[in-house]
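Across the two complexes that follow, subunit A remains constant while its partner is subunit B and subsequently subunit C.
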Partner chain A sequence: MSEHPEGTLYTGGLRQRIEQTVSRISRIAASEFNDDVLIREELGIDSLMSMEILATLEKELDLELDEGEFASVETVGEFFALLESRYHDRRAAG
Partner chain B sequence: MNHTIASAALDALQQWGNHPCLVELRDAKNALPVSADELRRRILDASAQLSRWGLQRGTLVALFLENSIDFVVILLALVRLKAVPVFGKLEYRTLELNEVFENSNPPVVISEQHHLSLLEPYLRGRTVISRTDQAVRLVQQRAEPAEPADLADEVASVNYTYRGYGYPLGALVSHQQYLDGARVLQEEGLQAASGDRMLYSIPMSHIFTLVGCIMVPLLYGLTGIIARTIHPRVLFDAIDELRIQHVTAVPELYALLRRAAGDSTQLPSLQAFVCGGSVLSDSEYHALRETFGVEVLHGYGLTEFTPVSRNSRGKARAGTVGPVCQGVECRIDSKDGSAAGEILVRTGSMSAGYYRRPRESRQSRAGDWLRTGDIGHFDGDHLVFDAEVKLTCKVNGVIVDLEEIRRALCLDPDIADAIVRAHQNSVEAEIVPARHFALNEKISQIRASLKQLLAPYKVPKTINLQR
Partner chain C sequence: MRILLVSPAGDFLGRSRAFADFVKNSREMRTILHYWNGLGAALPTVAALTAPEHSVLIVDENYQKLDLAQDVDLVGISAMTQQAVRAYEIAAAFRQRGIHVALGGIHATVLPDEAAQHVDTVFVGEAEHTWPLFLQDFVQGTPRKVYRASDHKSVDMAAIPLPRYDLLAETKYPVVWVQATRGCPHDCEFCTAPEVYGTSYRHKSAAQVAAEIREVKRYWKNAQVGFADDNMFVNRKFVRELMTEFESIPFTWYAQSDIAIATDSELLRRLHETGCRIVFIGLESVVEGNLVNLNGNKWKARRFARYGEHIRAIQENGIGVYASFIVGMEEDDHSVFNRTIDFVNEHHIMGAQVTILTPFPGSRLRQRLLDSGRITSSDWSLYTAWNPVIRHPLLSAAELEEGLLRIYRSIYSEESYRDRAKYFRQVFHKLVPSN
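Moving on, here comes the complex of A and B:
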């Protein structure tokens, strides 16, 4: 499967990679990552765990993520949208 | 009393001149240093300003502040006036705030500006001072000067903690405890050189941070590096760029740093990790040593007295919290004659009890010994922490009262009772319904309600119906 920044295949692949990372760190099945699920209240992801997720994703996706931006994220859908956006920004910037 | 923590710190700062004594890491690329001379001047100026705003000897002052240089300035300015800081946590919500404000009834609140809206129900009739990174401002002033609290001069601060009663208790912490604690942590434990740098990002309102991260560097000429983040990349960059020798943190944060460290993480300046707040396993101790090549100095203490024991440079052992500190007596209360039992401690500078809680203060004592509520045993001269006997646990190094969570759950009219347990650095609950309901439909409402009532880290990770 080739990467395509504009295409759904690419986005789907990216989301799957992020889901695997989050699932591995949080020990929560990826099937629970529905877009409207609350990250902290419903998945129980605390500040330490979220920082480990950010740090791991930074390495895996070659990004620098601003934790301040993630502090205001509440749902799984918002989390993935922000990550995908940062990933595409990074690629666009070369 | 020879010294208050303010007079001891101001005397120490006078010896340093232009040496940088604090650096505030506002973000990854923005470090704000302050010299000893400048910090001393700011403490004296703040003290004069707070006095003009009506604060005086015996005034109780609730603090809701983030990690910052201002935290240190305000703390020492208050103590210089002989006002008494009451440490609040920014995570506190309705149940904790109700208790802190009812119990201590502080006439003055100093808070981060962004936090005032959450405190709004508690601010009427009190002097309110706000803080931002730009300024500390008087928001409102009481009409009448506050009556001084009924506290002895030896009391430096009121520090809220838990013992399983279901509500926080304000431990009366003496100046001598801060000074003795800092002395043994430095002279018997860390043995840092003057000019060394210590990084910390745990909240400054915790007793471990107050003693180990604020008082130790100020009194012994270390530069304290204050971080507001636990992001591993930011902390690694700071350690590398500022050539930091020592880090003080809880085991859970060290574990995060270890997992985040890659093969390319080289931090040659690092010498020691000072560790406390919760249990550090044998395996984590060895993994930290292997990953970072540093000494790991684990210790044990309570809000009522810290530290009780500490490991020392060159003599640290995995799985123990080290030998008992000089000046502290410690024995194991083992009724059945076994080696393990409740840890009892006795020292001249121990907390005098809990503010306006005579029953709980009495129950925490066995004669003149403090019942720690923790189970331990001795392995040679090293103390080993086994478990908590009181109804509390630690989540990421922060004490959590299981009874407080049960009470919060039972405020829901649909919940008849609940069982709350500690489970792997988090909390889980089983609820007994008062009427039939489908848990999957009700659970969001329960969590939303708990979020209003309790600090977020206390909300149970799992909530199930009792089987």
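Moving on, here comes the complex of A and C:
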């Protein structure tokens, strides 16, 4: 999966993996993570929880994430898109 | 009978314009206020104590508009001291139309004679025994002026019915507060809890608390649960039972505690596992001398030297400490503001609530400051703990307000936030198992 050239299949797997991590930390069912849902207002993910999520994903996915970038993220869809983008950037950089 | 229960509008931040401007422009302060709010357990509990033949409507003025002209037979209000002025306004409006008004909660409990001047019936102390009795009397046309919990046996919290959270299900609360325990063993001079709940420490059953959380999640599936208890982890046997119940409920939660939890690493691990994300701890002061006479057994003074170590132990388990500090205490001088800033930053404290020493009615502090003529206002709307209502030996009211604002500007600056974020990222990195 990780060698899929277009990333489509990989992205599906990656998203599932991210969802599992976010769900485990936030204790919110992954079925709630629809793209247009507001992360803070609707899911109730506060700043400490977001720090835990980012730190865990960094370690699990071997990434370095800039928290400043996530400050402007509003929705679940934007959050996952940013993570997936950072993941692919990291892989492209080797 | 149609019963309206009201939580009056409160001003939780005081009247400082500069402070209001700061909050408006501070992302972190807005976030904190967003989560440090929400639905309290008092009125849903009173609704649950109401016989089913009556209809009950709850209006939380902090989230909803109250229609003073609505057609009801009885109004019940629950108010803290800073809500008292608004509670009396509401009472006056309904009484003008001949509607009976009852008032309970902290303020009525500690100042029943004052409350009795504004309402028809006053509740002193817990309402579990007295509210149903009052309703019977009211229906029979013989309501009394005062109902005292102390006239009845102590409330068995395990017998408290499931609060009627359903009555506020349409309101979008970020946090819903649940009460698992009552009482606190520390008897701090500024606190009204001993007067309100007595000195014994009591709790609901673990299964009962779990049922309440499930009820909350039924209506607010992603809201966080805050425990309104003054000191939740005193009875460790009960806490272990609670943690077992919490394992099967997907939720995140906050609680208030003393700092003794820091020495129980197993408890801290279990708290994080079961969704506890923040503990609110009253550290009270960064000036050791202020803690010496705070409680009779010097409990907090004896732990002061280990505050930093204890905060680290809690936060290294992935639980943020939201520390409470008071400025304007007896031993404070002009250095207290910078010392508080330095302490919060040095220990990477997740968040801090800093307030001005306030002599709340019902506290031993109030009597001491009254005796020495140092209370400058008894306008309850100023009793937010953010407005200065005392005369301090060294610090003027303006200095207290300015110093308070300086603390908030510093500890919630972007720079401080980044430092804390970096610290917690390291904490969480360590907590993630290696692949």
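The criterion applied here is as follows: the second predicted complex is superposed on the first by the 89 of 94 C-alpha atoms of A that agree within 3 Å, B and C clash if a C-alpha of one lies under 4 Å from a C-alpha of the other, contacts with A are read in each partner's own complex, and residues count from 1 in each chain.
In the analysis below, a residue touches a chain if its C-beta (ideal position, glycine included) is under 8 Å from a C-beta of that chain, and two chains touch if they have at least 3 such contacts.
Computed from a prediction, not measured in an experiment: that's the story for all the values here.
Undergrad: Following the superposition defined at the top, how do subunit B and subunit C come out on subunit A, clash or fit?
TA: Clash: subunit B and subunit C overlap once superposed on subunit A.
Undergrad: Touching A:Glu64 in the superposition: subunit B (first), subunit C (second), both, neither?
TA: first
Undergrad: Which partner, once the models are overlaid, touches more of subunit A's residues, subunit C or subunit B?
TA: Here the partner covering more residues of subunit A is C.
Undergrad: Could you tell me if A:Ser26 is touching subunit B, subunit C, both of them or neither one (first, second, both, neither)?
TA: Once the two structures are laid over each other on A, A:Ser26 reaches subunit C alone.
Undergrad: Classify the contacts of A:Gly44 with the two partner chains as first (subunit B alone), second (subunit C alone), both, or neither.
TA: both
Undergrad: Please indicate which partner A:Leu54 is in contact with in the superposed arrangement: first for subunit B, second for subunit C, both, or neither.
TA: Both subunit B and subunit C are touched by A:Leu54.
Undergrad: So the two structures are superposed on chain A. Out of 94-102, 130-138 or 400-408, which stretch of subunit C collides with subunit B?
TA: 400-408
Undergrad: Can you pull the subunit A residues that subunit B and subunit C both touch?
TA: On subunit A, the overlap between the subunit B and subunit C contacts is residues 40-42, 44, 46-48, 51-52, 54-56, 58-59, 67.
Undergrad: Using the touch rule from the top, collect the residues of subunit B that touch subunit A in their complex.
TA: 27, 229-233, 252-253, 256, 259-260, 262, 395-396, 426, 443-444, 447-448, 451, 456-457, 459, 461-462
Undergrad: Mind pulling up the subunit A residues that touch subunit C in the complex?
TA: 26-29, 32, 40-44, 46-49, 51-52, 54-56, 58-60, 67, 71
Undergrad: So in the complex, which bits of subunit A are touching subunit B?
TA: Touch residues, subunit A against subunit B: 38, 40-42, 44, 46-48, 51-52, 54-56, 58-59, 64, 67-68.
Undergrad: Under the definition above, what is the set of subunit C residues touching subunit A in their complex?
TA: 27-28, 31, 35, 174, 221-224, 250-252, 275, 277-278, 318, 320, 350, 417-418, 421, 424-429, 432, 434-435
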